[in-house]
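Look for subunit A in each of the two complexes below; its partner is subunit B in the first and subunit C in the second.
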Partner chain A sequence: MTTHRLHLGLFFTGVGPQLLWSQPDFANHTHIDTFIQTVRTLERGLFDAFFLGEGLRVRENRGRVYDLDVAGRPDAITQLAALAAETERIGLVATQNTTYNFPFDLARRLASLDHVSGGRAGWNIVTTDNAWTGENFRYGGWLPHERRYERAAEFVATARSLWGGDSVDTHSDLVNVTGSLGVTGNPVLFQAGDSPGGRDLAARLADAVFSANTDYDKAQAYAADLTARLKAYGRSRDQIRILPGAQVVLGDTEKEAAEKADWIQREQTTGPRAIAFLEQYWNKDLSGYDPDGPLPDIEPAEGELDPSRGTISIEHRTGKLERIAEWRSLGLSIRELVLHVTPRHNTFVGTPGGVADEWARYVRTRAVDGFNLVPQLLPGSIEDIVDRLVPELQERGVYRTEYEGRTLREHLDLA
Partner chain B sequence: MSIHLALEIGGGALPDTEAVAVAEAAGCALVTINDSPLSPSPEAGVRAGFLARRTRRVGLAPTLHPALTEPFHLATQLAALDHASQGRGAWVVGTENSAAAQATIGGTPVSDLEQEIADVIDVARLLWDSWEDDAVVRDVASGRFLDPDRVHHVNFTGERFSVVGPLITPRPPQGQLVVLAPDTLTDKSDIALVAAPTLDEVAARAEAARAANIPLAFAELDVALGPADRGGSGRAESFFGGGRAGVGGAEGDRIDGGGAEADRADRDARLRFAGGEDEFRALLNRLEGIVDGVRIHPVDLAIDLPRLAVATRRGPVSGPTLRDTLGLPRPANVFAGEPR
Partner chain C sequence: MTRRTLATVTAAGGHPGPYELSLNKRSTLETARLVARRAEDARIDALFVPDLLVFGAQGTIGAQEPLVFVSALSQVTSQTGLIATVSTTFHHPFNLARLFGTLDHVSNGRAAWNLVTSSIGEENYGPGELPSPEERYARAAETLDVVNALWDSWKPGSLRAGPDGKAVLDPSLIAPIDHRGSYFSVRGPLNIPPLPQGRPVLIQAGQSAAGIALGAKYAEIVFTALPTLADAQAFTRTIRAQSTRPGLPLIFSSFHATYGATEAEAQRLVRERLEAIDYEAGRSLVADMLGGGVDLSEAKLDEPLPASLLPEISDIRRRRGRAEIFSKLIREGRTLRELIQAAQDTGHWSVAGTPEQLADAVQERFEAGVLDVLSINGLADDRTHDFVVNGLLTELRRRGIVKEDYRGHTLRDNLGLTL
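On to the complex of A and B.
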C-alpha cells in the first residue's frame, strides 16, 4: 500500500479575531517584509502552499469600521506575484470570488500568476451573494443566493477553457465572455464552501477542498460524502485533495499545550469583542454592559442579523430571537457565552510528537490529505509548526523531506 | 535635476527581469508596462508585482484600463503594488475601450470614455486615502486594533458606478501612487504623457499641462539607437531644426513590431529619434528645457536597451520611493483633519 503523505498549506487570513495582534512581538501583518519572512519560513518547512484570504469590504459593526480585529490586506494576486519573486517552490494560492470578478479578467490574472511563478498558482474559489460587499462594485448584489454556485460553475468552466487556449464565446444570464487568452496556464483549483452546493462544486471541478471538518469522525464522513459526489461526476477520490482548515497549539508537554490553547482562546475573546459579538445579534449599542456580567436584559432590535461583519453563514442570519432565548437559558456571562458558542474547533493541541501521531493516523486512513493551517501568533505559530512539528512528521514518514516537484500540481501529486 | 527617464517594456521582447535590470542600471526613474486584455503577454499588474521584488530603485507602472475593470479591484491592485515595492508603484491610465476588449467582460464600448476615466481616477485616489496613515493604533488597553474614525467610507458616485469603500488595503507607502495619463485625456494625472511629432508642439502642450496643474510633463519618444543601418546616424541632426522635420530617420518602415492599428497611430504621433548615443544625449539635453521627462519607446528593446544604458551615462536613481525620485511630495490625505 502506498504511504500517503500530508500536504500542508498556511492560510494567511489577514483579518479576524484569531490573530493575536496584542502580543508585543506580533509582526506588522500588512508589511511586505512580514509576508516575505512568512513564505520563506514555509518554504524551509517544505509547505505545499501559501494561501491568501480575500475580503472585499472592511468589516463593520453597526455602521462603523470594526476596530477590534486585525484588518487590512493586499490584493491577493498582486501580492502573490511579488512573493513568487522571493521563493522557488512553494505554491501560491489566491482566494478570489466568482461574484465580483469578471471571468476573463480573473482568468487572465491567475494565468499570469501561474506564468511568473513557474506553475505555482492556485485559486481558492469562493462565492458571495452579499449585497453589502457588493456596494464596492459596479454590479453590487446582482446575484441571487441560490444561484451563486451556478455562476461559480460557469465562471470556472470559462476560466478553464481560456487557460486551455480555447477561443471562448459563451453567453448566458450568468457569464458573458468573448475572447481568448494570450497566456495559458493550469492553476490548481481549491474550493472552500461546505454547503451542499459548495461540495457539489468541489466534486465537479476542484483539485482540492479546503473543508471545515477536522474532527476525525467528521473528516471521515466528509471524505465519504465527497467520494460519493465525485463518483456522480465520473471522478475518484484520488483526483482530489482534502485539506481542512486547522489551528495548531504546541507545548513541551500536553499540559503546557492545553494551557497555551486556553490562553489563546481567552486572548481572542476580549471583553470588547464579546460585546461586539452580541451587538451583531442585538443590533444595539451594548457597550454599557459588563462583559463578565449577565446577558443584556433589553430586547434586540427588529430585523435580521447585521451582515457587515461579513462572516455569518446564511443559516445563522435568520432565527436570531430563538437563538437569543436559548442563550439566555444557559445562565452564562457574556464572555463565557461567546467562548461557549464559538468553541475552539479545528484546533490540534499537544506536543509536537502527539500532534504528529494524530495527523499520521488521519492521513494513513485518508480521512484527510493534509491541513491548511491558520496561525494565531505571527510569526510564532508558523515557526512552531515548521521547526517543531514538521521534523516529527518527517520522522513518521508522512511528510516530504525535500521538494520533488516544481509546480503546485506536482507538490499535491495531482496529474 | 536632469531629465527623468521612463522606459516602456510592455511588448515583452526581452524577459522582464532583464529589461528592468538594464533600465534600473541606466538610471530610469520608472518602467511602464503596456497592456490590453487582448495582449499575448501576462497581465501588466501581475508582472509589476513580480518585478517589485526583483528591483530596488526603479518605479513600476503597469497599464490598467478603467473601462474594463472594477474600480475597487484596480485601486486595490495598485495599492498592493505600492506596498510590495515599498513605494515605487505607479499607474498608466489605459484607454482600451474597443469592442473586442469590451467583449471579454461582456460589455460594449463606453460612450463617454473621458468621464469614465475621470471617475475611476477620482475613486482610486479617494480609496488610497481611505485609511489615514495613523489608522492602525494597536491599543492593547482599549482592545482596539484600529481607530474607526481614521478609516473612511468614500461614498463615491460616478456616472456609471458607485463605491462605498474603504479600501481593504491600508494607505500605500507613497500616499498616492504616481498616475500617468495622456495630456489629451485628463488633467487628473501626476505626469502628463505628451505624444506630439514636433518639439514645438511638445513644448506647447507641456506648458498647457503645467497650466492645468499637472505636476510633471513627459514627452513620448520613439528611439532607435545605433549605427546608420538602423535608420541613420546623422539624421538626428534634423531634430534640432525644429518644425516637423524634428524627427530623425522617420521612415515608417523602420518601425517594426507590427502592433495594433491604434499603436501605429500612437507611434505616428510621437517624437522619433534614430541615431547614436552622443546624439541621443544631446537630444535629452535639448528636451530638458522643454519637459520634465521622456518616456522612451525602444523600436527594438533587445537592441536599443543595452545601447540606452551606454547612452545615458547614469547610475540608478536614488529613490527610495518613486515620488522621491521625481521630486513629487507625498500628498496629504484628503480625509485627514475631518471631524472625528
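On to the complex of A and C.
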C-alpha cells in the first residue's frame, strides 16, 4: 500500500481576524522582511507552498472603512515575485480573479512568476463575485454568479493554451484573445470556492483545491463528492490534491494547548470585532451594546447581507433573519455567539504528537492530502509548526524529510 | 539646494533566452542578478525593463511581464531604482495602482513606472482595434488621474504605530475617490497602505504631440529618442514650455554608445557594424519606423527618399513619434542607406569614441540643460563593462556630472524628485 504523505501550505490571510496584528511583538505586517522571514521558515519546514489571498477593495463595516483590518491587500504576484528571489524550493501561490483581469495579461504575469521562480508558481483561481468589489472597476457588477464560472473556465483554458506555447485564437462574449505568449509555463491550478459551480470548476481543471471542509466527516464527504465530480470529467482522485484550510494551536500538554487556543480565540474576537460582526447582520449601529451582554433586542434592518467585508460567500448572503432567530435561541452573549459561529472547528488543538496522530489518520484514509494552514501569530505560529509538529509528522512517515523536486508540481506529486 | 547632477539608468538585462523560456526549472533571474549587481556596484540610479506586450517583436523582450521581473529584482538589489514599463491602454487603473503600490512596498520605495500607451499588442486584449493615439493618450491621462487619487487616498498618518506599539488605522484619513470619467468609474480608496515614496516615480515615453502634452502635464521624467543636440534642445524647449512645473519633466535619453580604447577603434567598430547590416531587411525596418504604411522595396539605397513617400502623420496609429523623427530625416535629404543605419538605433542618440569623447558628448547635453537622466548600455557585456565602469562613469564623476554615490534610500531621494 502506498503511504500517502501530507502536503502543507501556509495561507497568509493579510486581513481578517485570524492574524493577531495587534500583538505588540507581532511582525511588521506591511514590510517585505516579514514575508521573507516567513517563507524562509516555511522552507526550513519543507512546506509545499506559501499562499497569498486577494482583495480588491478596502473592507468596510456599515459603509465605513473597517479599522480593525490594518494590513491592506497588496498584489500577490508582485509580492511572490519578490519572495521568489529569496527562496529556492517553496511553491508560491497567488490568488487572482478571473473577472477583473485580462486573460492574456494574467497568463503572462503567472508565467513570469513561474519563470523567475524556476517553476514554483501556483494560481488560486477565484471569481470575485460581487458588485461591491466591481465598484472599483468600470465593469462594476458585470456577469451574474454562474456566468463568472463560465468566464473562469474559458479564461483558464486560454491561459493553459498560452502556457503550452500555443498560438491562441479564441473569441466568445467572455474571452477574446489572439496571440501567443512566447513563454511556456505550467503553474499549478488551485480552486477555492465551495459552491456547486466552484466544485465543478475544481473537478474540471484544478490540480488542487483549497477546501473549506476541515472536520474529518466533512472532509470525507467532500472528497467523495469531488471524486464523483472528477469522474464526470474523466479524471480521478489521484489527479487532484485536497488541502482544507486549518489552524493549529500547540502546547506541551493538552491543557496548555487548550488554554492557548482559548486565549487566541478571545484575542481574535475582541469586543469591537464581535460588535462589528453582528452589525453586518443587523446593519444598524450596535456600538452601544455590551459585547458580553445578550444579543441586541432591536430588530435587524431590512435587506440581506452586503459583502462589504469581502468574505461572505454567496451561499451565506441570504436567510439572515432565520439565522438571527436561531442565534437568539442559543441564549449566548454577543461575544460567546461570535466565538460559537466563527470557524473554531477548523482548529487543531493539542500536543505536537496528538495533532500529528490526527493528521496521519486524515491522510492515510485520504480524507485530505494535506492542509493549508492559517497562522495566528507571526512568527510564533509558524515556528511552532515547523520546529515541533513537522518532526512528529516525519516520525510517523507522513511528511517529507527533504525536498525531492524543485517545482511546486513535483512537491505535490502531480504529473 | 543640491547641485544638479546627471542620473544614470541601465537596462535590467537578463532578457531570457529560449533556454530559460522553456522552463527548465531554472530561474530566469540568474543572468539578471549579474547585471543588477554590476549596476549597484557602479551606483547606477535605476534598472529599466522595457515591454512590447508581444513576443518576438524585438527578440525576447516582452516575454516576461516587467512588474513581475523587477519585483523579483527588488530582492537581489537594495539601492537601485526599478523601472517597469506598463501600458495604460490594456490595464485598469485600480489594478495598476495596486501593482505599482505593491512594487513600491516590496522594494522599500524604489518603484518607477515607465508609462506607455502601446503601439502594438491589441490582438491579445480584444476585442477591437488599437485605439488612435489621441484616444490612447486620453485614456492614459484619465488613468493617471485615477491612480494618483488612489495613491493619495490614504492620507499621512492613516496607518501608524499606537502608543503601545500596536498598528492603528484611522478610517477618517482614508477616503473613497469616487471617480467617474469617460473611461473608468472607480470608487476607491486603494486597499494598500501609503506607499514608501507616496507615489512611484512617473516616467513617460512618447514624442508625438499628444505624448508631449501628457508628459508636460504629468510626467516627472520623459524618455526620449533625440539623435542630435538640436533635437534635444528643440524637444526640451517644447515640453518645458507646456509644463507648469519648473525644471520638469526631466529629460531622459537613451545613449547608444560604441566604446573604443582609441577613437580609431571605436570608428572601426561602427564601420564593422554598418557593414554587417542587412540592407534589404533594413528597408522594412525603415518602413516600420515610418508607420508601416510605406513600401520601400524599390527605393534606391544611395538616394534621398522622395517627399511623396512621407506618411501623413495623423493617419499613423502606432509609434507616431518615431515616424516624425524619420520623416524629419527624409526631409533633411538622408539616403535610404543612412535611414537604415539610423533605424538600427531606432532613432536614439548614438555616439562612438573613447570614454573621454563619450563623456564630452554627454557633458555637452548636460550643460545645455537638455539631459537629466542618461541610459547607459554595455554594463552587462564583458567586452564593454570596463569601458562603462572605469571609463565613461569614472570620467563623468571626475567632471562632477554624475554623483559619487546614492543619496538616499528611495529612488525619489536619489533623483532629487519630491512630490
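Simple rule for what comes next: the second predicted complex is superposed on the first by the 412 of 415 C-alpha atoms of A that agree within 3 Å, B and C clash if a C-alpha of one lies under 4 Å from a C-alpha of the other, contacts with A are read in each partner's own complex, and residues count from 1 in each chain.
Heads up, the rule we're going with is that contacts are C-beta pairs under 8 Å (C-beta built on N, C-alpha and C of every residue); 3 or more make two chains touch, one makes a residue touch a chain.
Bear in mind the structure is a predicted one, so any value in this text is a computation, not a measurement.
Peer 1: For the overlay on subunit A, clash or fit between subunit B and subunit C?
Peer 2: Superposition check on subunit A flags a clash between subunit B and subunit C.
Peer 1: Scan A:186 for contacts with subunit B and subunit C and give back first, second, both or neither.
Peer 2: After superposition on chain A, A:186 lies in contact with subunit C alone.
Peer 1: Let me test your reading of the model: by the given contact rule, A:148 touches which partner, first (subunit B), second (subunit C), both or neither?
Peer 2: A:148 sits against neither subunit B nor subunit C.
Peer 1: In the superposed arrangement, which partner chain does A:118 touch: subunit B (first), subunit C (second), both, or neither?
Peer 2: After superposition on chain A, A:118 lies in contact with subunit C alone.
Peer 1: Going by the contact rule set out at the top, does A:73 touch subunit B (first), subunit C (second), both, or neither?
Peer 2: A:73 sits against subunit B and subunit C alike.
Peer 1: Name the contact category of A:406: first (subunit B only), second (subunit C only), both, or neither.
Peer 2: Touch status of A:406: second partner only.
Peer 1: Once the shared chain is lined up, is A:138 touching subunit B (first), subunit C (second), both, or neither of them?
Peer 2: So A:138 meets both subunit B and subunit C here.
Peer 1: Using the touch definition from the top, say if A:270 reaches subunit B (first), subunit C (second), both or neither.
Peer 2: first
Peer 1: So which positions on subunit A get touched by both subunit B and subunit C?
Peer 2: Subunit A residues touching both partners: 21-22, 30-32, 36, 55-58, 64-75, 77-79, 81-86, 100-102, 104-105, 108-109, 111-113, 115-116, 135-138, 171, 176-179, 182-183.
Peer 1: Going by the contact rule set out above, which residues of subunit A touch subunit C in the complex?
Peer 2: 21-24, 29-32, 36, 55-58, 64-75, 77-79, 81-86, 100-102, 104-105, 108-109, 111-119, 135-138, 140, 171, 176-186, 406-407
Peer 1: Which residues, counting only subunit B, touch subunit A once they are in their complex?
Peer 2: Per the stated touch rule, the residues are 37-43, 45-54, 68-73, 76-77, 79-81, 83-86, 100, 103-106, 131, 136, 138, 140, 142-148, 151, 160-170.
Peer 1: Where on subunit C does subunit A make contact in their complex?
Peer 2: It is residues 16, 20-23, 25-29, 54-56, 60, 62-65, 67-69, 71-76, 90-92, 94-95, 98-99, 101-103, 105-108, 123-127, 159, 164-171, 174, 183-193 of subunit C that touch subunit A.
Peer 1: Quick check on the complex: what are the subunit A residues that touch subunit B?
Peer 2: 21-22, 26, 30-32, 36, 55-58, 64-75, 77-86, 100-102, 104-105, 108-109, 111-113, 115-116, 135-138, 171, 175-179, 182-183, 270-273
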